[in-house]
Structures are given as structure tokens and as C-alpha cells.
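Same chain, two partners: subunit A is paired with subunit B first, then with subunit C.
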Partner chain A sequence: MAKVSVRRALAAVVGAIFLLPLVMGGLASLSLAGQAAPQNLGALLREWSWQNYAEVFQMIPLGQHLWNSLLVVIVSVPFSVLVASLAAFFLIRSNQPWRRWLVAFAIVTMLVPPSAVWLFRFQLLSRVGLVDTRLALMLSAFAGGSSLFVLIYFWAWRQAPADLFDAADIDGASFLQAWWQVALPLVRPATAAVTLLAFMFFWGNFIEPVLFIYDPNKYTLPIGLQLLNQLDASNRPLLLAGAMIAIVPPMLLFLITQRWFLQGEWTR
Partner chain B sequence: MRSKLQDARCIRRLHILLLVSLPFSLILLGCQNQSSTISFAFAGDVAELAAYQTLINAFEQAHPDIEIEIRHAPSRQDFQQKLVTMFDANQPPDVVLLNYRRMARFAADGDLQPVTPHLSQIDLDPDAFYPIALQAFTWNDELWCAPQNISSLVVYYNQDLFDAAGQPYPQPNWTWDDFLRTAKAITTNEIYGAAIDPGLYRLAPFVWQANGVLVDGDELLPESAENLAALTWFTELQTVHNVVPNALAAQSLPADERFLSGGVAMIFESRRFTPIMREVADFDWDVALLPQGERKAGILHSDGYCLGQTPSAETLMFVRFALSEQGQQILAQTGRTVPSRLAIAESDRFLNDGQLPMSSHVWLDEVSTLQTVPLHPNWLQFEEMASTEIEEVFYGRISPIEGLDQIQIQSGNIQIND
Partner chain C sequence: MSKNNSNVLFLLPWLLGTTLLIVVPALSMFGLAFWDDGRLSAAVFQRLLTSDLVGISFYNSLFFLVLAVPVRTLGALFLALLLRPKTHRVARAAVFAPSIIPPPAWALIGLWLFNPLYGPINMVLTGLGLPGINWLVDANATRLMFVILAGFQLGEGFIVLLIGRALIPDYLMDAAQLDGAGWFGRFWYITLPLMLPWLALLTGRDLLVSLQGTFTPSFMITYGGPYYSTTFLPLLIYELAFDFRDPALVAGVLLVFFSAVAGVSLWLWQRAIESG
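Here is the complex of A and B:
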């Protein structure tokens, strides 16, 4: 019992340490903008207002940026989950000798620095007329988002007994039926993890909008935050207010999905 | 057979999903570029974005048949990546706004087209612009960009702190000794006489003032007595006299924030700092010339309109408009630029716009003493490397002579002339 209490106390301390920057950021987002920065915590708490949260929407088109980011994740996250899980299930069910080479290839692609493919992707998007479109920011989702997502599913299904899938085959289930009705329900924690990771991947994607988007009306939230970051030092509370707004959707998603992926196993 | 039927159902469901997402995707595709548009690339914050949007609106109003497409990035670093990608992918912007320190790289790579053959079409009469601004964009005997502004480092000072310490305001001929004496007189336990972001950009004018050079042959910041004197004076402000914040204090509060909060009496900044001072400072303030050493010298800060590809008549019309008195005035109204066109810079529209600082003429007074950093494709990397070492000296981690040694070792043979 005492052991559990100590563990909980330790967890609370570690949690508080991780929570502190968020609390400080939240408090600082309430300090008055357009003034010299408060020099200590007392000054920070003395004068505060919710005004920054309204002003940040007036200073930059943050509402538009939010909407653009939401559009990107609404399309990209389901497609990432769909394509990554289908690809991984194909790898699991395939008896071909080159399966292991595909898995190795997926791992190798994770080692390629993203900057190495910027130019190629820009040329490709430019060739098909997708530069300066929101679709350019979603395109990788149609290929599963990231090879990491495919590998998460692959490793999750490798932990499941293969007999289950064989039994589905014997019962006459097709590939798609086995994937949808048997395989996917088995790996809900993995799906939750991929959903959250894909959301963070597309929600926080900064460099692609910088490179592929020209029209400021199509800027996503990370660009909006960078615009706020370029404001002078006296407007730091506005940046923090923007950051707090940006944190809300991933936090909500985390709260919704945590009960699945905190189960500790990839498979249910 | 049963399995095929069920497969077909699943496939039909997938088709429905794709069909539902298709119109959504098509809406997101939006409109594609029109061939009649010209593109204008620049970096800048919200205020700069708004200022250039005003410039573009004014141009489009005057030329309704031409549309300007913005290619913008919020910060200089992001902009560099965006620009490199566009050039490498052979999708260059028509017009790009570049600082002269960044220009040589793109010119050397063959990304830019010289402006020289188009001077009459963009109405660039060399006599109407400050010569130093034209010189800054001249490389290999070609003018590569049309100068938009001509700013420089000056001293912003807090008049309230000067008054409280009983110190006279800086005079036009004040010296390094005057600066140090004033800073010492103002410095207390809570107030610093000055705050400096140590780096080559801020050290350079003092090197020139000591009759030193940034580059000699193939050496960056060579170990001459003049360069050593400049670096020693600059860094002893912190290491010996303690009139500027030390490393810990500087880390806890950046120089500009400390100045805005009234904790510092003097700071070296360019005209870009003026809008925030107007908005935030709740004390009386003004600007003054840099203190002088053996001679007067300042460092130029200038951006120019560069041509990203062989210009069309419409492109040249836009550059002509941006350089015109109307175009320069629109940007001068932001308060953050010193116009490169003499007629605007020397008019009341810049000098007496009814706002602080009272001494905007300081930027024009300094023009005759301005110098430029050498033009070199890799200059920014050299600058960054040298700045790291200067910071080490500034915070007393290594001696000035060791700092110069390190810069020599790391820069190698750079083959440029100051």
C-alpha cells in the first residue's frame, strides 16, 4: 500500500514538472500584451486579462489558420489510418519472400531526413499543379502518412496469434473482411496511437506549408504561430495565447484516445 | 462466392468513402495560378506583410490588368529555405526582396537576373538614390537588386534614465570614452548602461571605427592591432566594466526586452526597432549616432528588389512602382524603413512624421559614414561562425586574442576583400 502511495506521489511530482511549462505558458498568455514583459511571477499575476485570446484573432487571421489546419487533419488522419493499416495487414498476410525487404525498406525510409526530399516533393507537386493548394499538405496521408504508422500496425499484428487470421480465411472471410472485422478490432491501442501520432504529424506540420503554400489565406496554424513569434517581445503573451489555442485539439484527442493506448499493449 | 460478394460490399464502402472525399478534395484544390500574374517573394512579420499588401493593392489599383501573387514566409530562415527550394525546382519568383548580405549567394548560383539592363524601365536614376545602397547591391560590376531601404545601427536611448543619472544626451561627435563614461554613470544594481547582442553585425562598425577590417585577403577578422583594439573595447564593456548584462542576465532577458522594460539606458538597433518603440515604450526616448572611435563608421542594413527570372514588362512595372515616391512612401509609413530614395528620406514624410524618434535625421547623418559587409556567397555562414566566437569573448570565456585565433582557424581561406 505504502509502495503504491510512493509511486503515486512520484507520478504526481513528475506530472507537475511536465505540467509546469504549460501552466506558466497559460499564465503568461494572460499577461498584458503591448507592454514590457513582467519581470517576475508576482508582476505576471498582478495584471492579467483574457483580452489576448480575442486580440490574437484580430492581429492575424488565426480563425482561418485554425480552419485550414482542421481541414488538413480531418482529411489526413483517417486516410493515414486507413492506408497504413491496409498496408501493414497486407505485409502481415503476405507469404511472399520479399515481405521482409518491404519491412526493411519501411525502416530505411524513416532514416531519410525530410529535408532530403523537399525539393523532389516540391517539383512533383509543381508538376501536377498542387503547389499552393491545401491538398499538397494532405498528400502524404494518401500514402499512409509515414512508414512509422505502417510499422506500428505491422508490429501490433505480429503480436496477435496468426491462427486468428487463418481461421478467418478458413471461414471464407476475404482480405478486406479479415482486415476490417478481425484485424482492426484486435489493435485498437495501435489505432489510437496512430491516430494521435498522425494528428500531431499533420497538426504540427510547419515546413510543408512554408514550402508549398504561397497564399497567406491558406496558411495553417503553425505558420500563424510563427507569425506571432515574429512579433516584438512585448507581444509575447499573444504568441502564448495562440500556442494555448493550438494545444487544445491535440489535448482533447489525447484525452479521448488515452484509454486505448495506455493499456500498455499494442494489441487489445 | 460468398467471400467475393462480401469483398465487393467492402470495396463498395471504400468507393463511397472515396466519392465522399473527392468533392471535398476538389474544393480544397482551389483556383490555380493565372499566367498573367507576377509573383513577389519576401519575408516579414504581420506588419510587414500588411505593408507589402498595401503596396500591392496600390499597384493593382493603378494596374488592374496585373495581379501580384505573394510568396511569403514569416521568418528570414524559413524564407531562405523556401527561396532555395523554389529556385532549385526552377519555379523562381518574379521579384524577390533580399538583404544585400543574402544576395550574393543567389547571384553566384545564377538564380538572379541583374537589374543593370533595366534601369530606365524601372526608373532607377542613380542620382535619386543613396550611392551606398546601390553599391551594396553591386557585385561583379552588375547591379543585382534595386535598393528599397537604407537603414543602419544607431543608439536608441532612454531619456528618463539619462535624466535620472544627470547625464547629457549623446552628442553627434561623442566617442567610445563618452559612451563608456555615460554607461558607467547610469549603471546601478538594477539598471544597465547598455545592452548588446554580441555578434559580428554589431561589432563591425567598431572594427571600422578603429581602422580595422572585417576581411583582409583570405582572412576573416585578421589579428591586427586595430581589430584587437575594437574587439577588446567592445567586449570589455561586459568583462571589465560590467555596464552591459552578463551571460546569465542576457539569457534571462534579451537586450531588446530589457530596454523596453526600462532596465537598460542604451541599445544598438536599426530602424526596424522603431515601430515597437512607438508602440510599447512608456518612457521618453530618442536615437543618436554610434559613438565614434578613431573615425566615424556605421553598418548598412538594406533590402532590395531582385529579379528572380528574366523580367516581363509587368514585372518591371511593379519594381518601378515599388521604387517610386508613392511606393517608398507607403513603406516608410510603417516606420520601420529608411527610404533609399533621397527625395522621400529627406522629406518631412520621413523626418517629421509627427512621431518619435525626434532625431530620425540621425540615419541620414550616418549615411556618409556607412560601410557594407563584403559580398560573398557564404557570408552569412562566416558571420554566424564569427558571431559565436565573439559571444565567447564577450562573456569572458576566452580572451579577445583567442577569439580572433578561433575565427581564423574556423573560417579558413575565404578569399574575399573587405
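Here is the complex of A and C:
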């Protein structure tokens, strides 16, 4: 019994440590702006208000930034899931040695450092006239988001009994029917994980708008946070309010999806 | 198999898109390293050795990786084993939460947490009667700050190792327990060897992922300083490519870095397979 409670206490401590930066940042975002920095932790919350959350929208066009970020994820996340899962389903249904080469291709392209493609992707985009368009920020979604997503689906389907798909073939189901009706429902944890990862990538994407977007009307939320930081770096409650606004959407998605990939059959 | 042929259409967006957006740009980049004024040349590697900025950046990155990768990988292993029982739902979600924070928001939170004057971390330290640390001013302290910021975002490794642990069949553990192995014995002789391939995979990937993760905070809150101490490779590559307009040097840096990471990963992977 003693061992169980030690583990439980340790889990509680660890959980609290990991939540601390978020909780403290959230509390500090409610403290009054323009006041002397608190000299101890108790003073952090002596007076608080939601005023910073209103003010941050007046200081920079955060509403526009939010809308642009939303547009990017609304297009990019579904396309990433669609393209990655279809490619992985093709892999799982294809024969050796094709499959081996394609999996190797996925692993190698997953391991290319993003900084290695910045320069030539910029050149490619300017050649086809996509610099300074929102499409530039969505482009990788049409390639499945990341080869990691293809590998996640591939791995998840590898765990499933292969004769299930053969049975679907015998029943005369087309590739698309087998994918939609048999394969996808089998791997809900993979879809939950890929949806969240893709959302996090496109929502938090900082370097691509820095490189590709110049028109302030097309700035996304990460650029908005950078603007706040440049305009008034010493106004900590305001910066934190901006940060909290950026955190809420992915956090909500995480709270919805986590029961599949973090608490479900994968981690039984 | 005419049916199979038309199915290739579903593979193509990923295959062609990845080729266009990743393979072609990366290969062009590597090619640049050997190309100088229209002919083959290795001159850029000489410039790599003589550039102070490149040297400092490699040192910073090595400093970061040597601390951050073990902290993140072993931290994720510890947490995955600790929170293995299914009942720890809340703690699992809590551990994952910092990894959900978008990089620019995490950078702003970090800027506040580590502020030497009014940040809560130094407040706690001085409250305990300890000296405050000169984060953002002292070079080593600032590099350490980046390690700590990266250490909180270990969610991906955490879940990979939770899955790896769940794939170890129960009967192995039960048999070991019957043989009288304590928790350490089970960890050392069963869990650890069976999880080595997962750890090797994570370590190799983290050499890239954790270093790439330094870009947003180093761009937003330190811009490489103080005294170039947080000019890690991604920021160096950005500066060389878009400020100094020196693509050949970028190519040289990337080639050395990618070879090093690929080499270490392959070596780790082979060791893990051999012992597993």
C-alpha cells in the first residue's frame, strides 16, 4: 500500500510542476498593467482584471491575426489528415519492395531539418508567385503536413490484423471505401494524434510567416505575439494575455483529443 | 492489377508534395556546399573552420544538445514509467500540457518566468535565501534557460515511451516477479532492454527536434544574445541565409550538422538493435 501512495504523491508533484508555468502565466496575465512589477509571489494577484485581454486587441489587430491563423488551420488540418492517411493506407496495401522504399523515404524526409529547406522553399515560392499569400502557409498540408503523420498512420495500421483489409477487398470495396469504412475507424487514436499535431504545427508556425508574409493584413497570431513583444516588451501582463489567447485553441483541442491517444488503447 | 495502378493517385500528393517541398530544396541546399563560381569546390569547408560565428554557434548547439537531449529523453522515460498505470489520467494530461503551448507563446512565458528582476523563478530563489541567477544576462545561464524551456516540452517523447512500455507483454513482467525480481530488477533486465530501440529512435530525432525548437525563443527573446551565446544553428542558418546572404556557408553548416546527426542516430540505432 505504501508503494502505491508514494507513486501517487510523486505523480501529483510531477503534474503540478508541469502545470505551474501555465497556471502562473495565466494568473499574471490578469494582473493590472502599468504597475510596478510585484516584488514577491503574493503580490502577483493583489489586484486583477480582464482589462489586459481587451487592451491587447486595441494595441495590435489581434482579431485579424486570429482570423488569419484560423483560416490557415481550417484548411491545413483536414488536408494533412486526408493526405497523410491516404498515403499511409496505400503503403499498408502495397507490396514489398515498394513499401520498404516508401517507408524509408518517409523516415528520411522526416529527419531533414526544417532549416535546410527555408532558403530554396522561399525561392520556389517566389518563382511561382506565392510569397505573401496565405496559401504559402498552408502548402505543406497538401503534402500531408509531415512524413511523421504518414508514419503514425502506417504504424497504427500495422498493429491491425491485415486480413481485415483483405476481407474488405473480397467484399468488393474500393480503395476509398475500405479506407473510410474499415481502416479509419480502426485507428481513431492516430487520427486524434495527427489532428492535434497538425493543428499545433500550423497554429504555432513562426518561421514561415516570418519568411513568407509581408502584408500586415495577412499576419498570423505568432507574428502578432512578436509584434507585442517588439512594441512593449516590458508590459508583462499584456504579453502574457496575448500568449494565453494563443494557447486556448490548441489546449481545447488537446483536452478533446487526449482521451484517444493519451488514455486509450495505445497506452493501456 | 489495374485497380492498384489507379490507387497510386492517393499516394501522389504526399510523395510529390514532399519531394517538391523537402527533397528538392534540401538536395539543392547540400549541392550548394560543393559549388563555387560554376565549378566543384570544397572552399566552403575552409570558411566553416575560420568563421568565428559558425564556431560559436556549433559550440552553443553542442552545449544545448548535450544537456537538453538527455534531460528530455530520460525525463520522458521516467514520466512514462511513473504514469504507466491508467489511473494517472490527470497527471498524464498535465505532463503533456506545456507541449501544447505554441512556441511563440511559450517564448513570452519564458521571458517572464526567467526575468532576472521580477520573474517568479528568481523571486522563489531569493525567497529561499539563495542568490538570483542572471538569466538573459549571463551566457551560460541563458543557454541553461533554453534547456529548461525545452525540458518542459517533452510530450512527444513521453507518449512514444508510454506506447513503447504498453507494448511489453504482461507475462514477461509477471514471470520476472515470480522469479523474485524487485522493481529495479524488472526495470534493468526487462523494461530497459526492451525499450532501448524506442529510446534510440527518440534520441536521434530529438537531436533535430529540440535544436530546431530553439529557433522561436532565440529569435523572439534573445536574438542570439547575450554575446552570441544563444545563436544556435537554426538562428545562424536564418541569419546567414537571409541577412548575410551567404547560401554557400549555410549549405556547409547544414551538411556538417546533418551528417553528424545521421551518424550519431545510426550508431545509436545499431547499438540498440544489438543489445535488444
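By definition in this document, the second predicted complex is superposed on the first by the 245 of 268 C-alpha atoms of A that agree within 3 Å, B and C clash if a C-alpha of one lies under 4 Å from a C-alpha of the other, contacts with A are read in each partner's own complex, and residues count from 1 in each chain.
What we mean here is this: contacts are C-beta pairs under 8 Å (C-beta built on N, C-alpha and C of every residue); 3 or more make two chains touch, one makes a residue touch a chain.
Treat the numbers as computed from the prediction; the structure is a model and nothing was measured.
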| item | value |
| --- | --- |
| Clash or fit (per the criteria above) of subunit B with subunit C on subunit A | clash |
| Touched partner set for A:Phe175, first subunit B, second subunit C, both or neither | both |
| First, second, both or neither for A:Val75, with subunit B first and subunit C second | first |
| Contacts of A:Ile207 with subunit B and subunit C, given as first, second, both or neither | both |
| Partner chain(s) touched by A:Pro185 [first = subunit B, second = subunit C, both, neither] | neither |
| Subunit B versus subunit C as contact partner of A:Pro161, first or second or both or neither | neither |
| Dominant contact partner of subunit A by residue count, subunit C or subunit B | C |
| Contacts of A:Met59 with subunit B and subunit C, given as first, second, both or neither | first |
| Subunit B versus subunit C as contact partner of A:Gly129, first or second or both or neither | first |
| Contact residues common to both interfaces of subunit A (with subunit B and with subunit C) | 37, 39, 118-119, 175-176, 207, 210-211, 226, 228-229, 233 |
| In the complex with subunit B, residue positions of subunit A that touch it | 34-37, 39, 59-60, 71, 75, 79, 118-119, 122-123, 126, 129-135, 138, 172-177, 180, 207, 210-211, 214-216, 218, 223, 226-234 |
| Contact set on subunit B toward subunit A in their complex | 2-4, 6-7, 10-11, 14, 21, 24-25, 28-30, 32-33, 39, 44-46, 49, 69-75, 78, 81-82, 85-86, 88-89, 91, 253-254, 256-257, 260-263, 275-276, 279-280, 282 |
| Contact footprint of subunit A on subunit C as seen in their complex | 3-4, 7-8, 10-11, 13-18, 20-26, 28-30, 79, 82-83, 85-86, 88-98, 100-109, 111-113, 115, 117-118, 120, 123-124, 127, 152, 159, 162-163, 165-166, 204-205, 208, 211-212, 215-216, 219-221, 233-234, 237-238, 241-242, 247, 250, 254, 257-258, 261-262, 265 |
| Footprint of subunit C on subunit A - complex, ascending | 7, 10-12, 14-16, 18-19, 21-22, 24-25, 28, 37-41, 44, 83-84, 86-87, 89-91, 93-94, 102, 105, 109-121, 124, 139-140, 142-144, 147, 150, 175-176, 179, 193, 196, 200, 203-204, 206-207, 210-211, 221-222, 225-226, 228-229, 233, 236, 239-240, 242-244, 246-247, 250-251, 254-255, 258, 261-263, 266-268 |
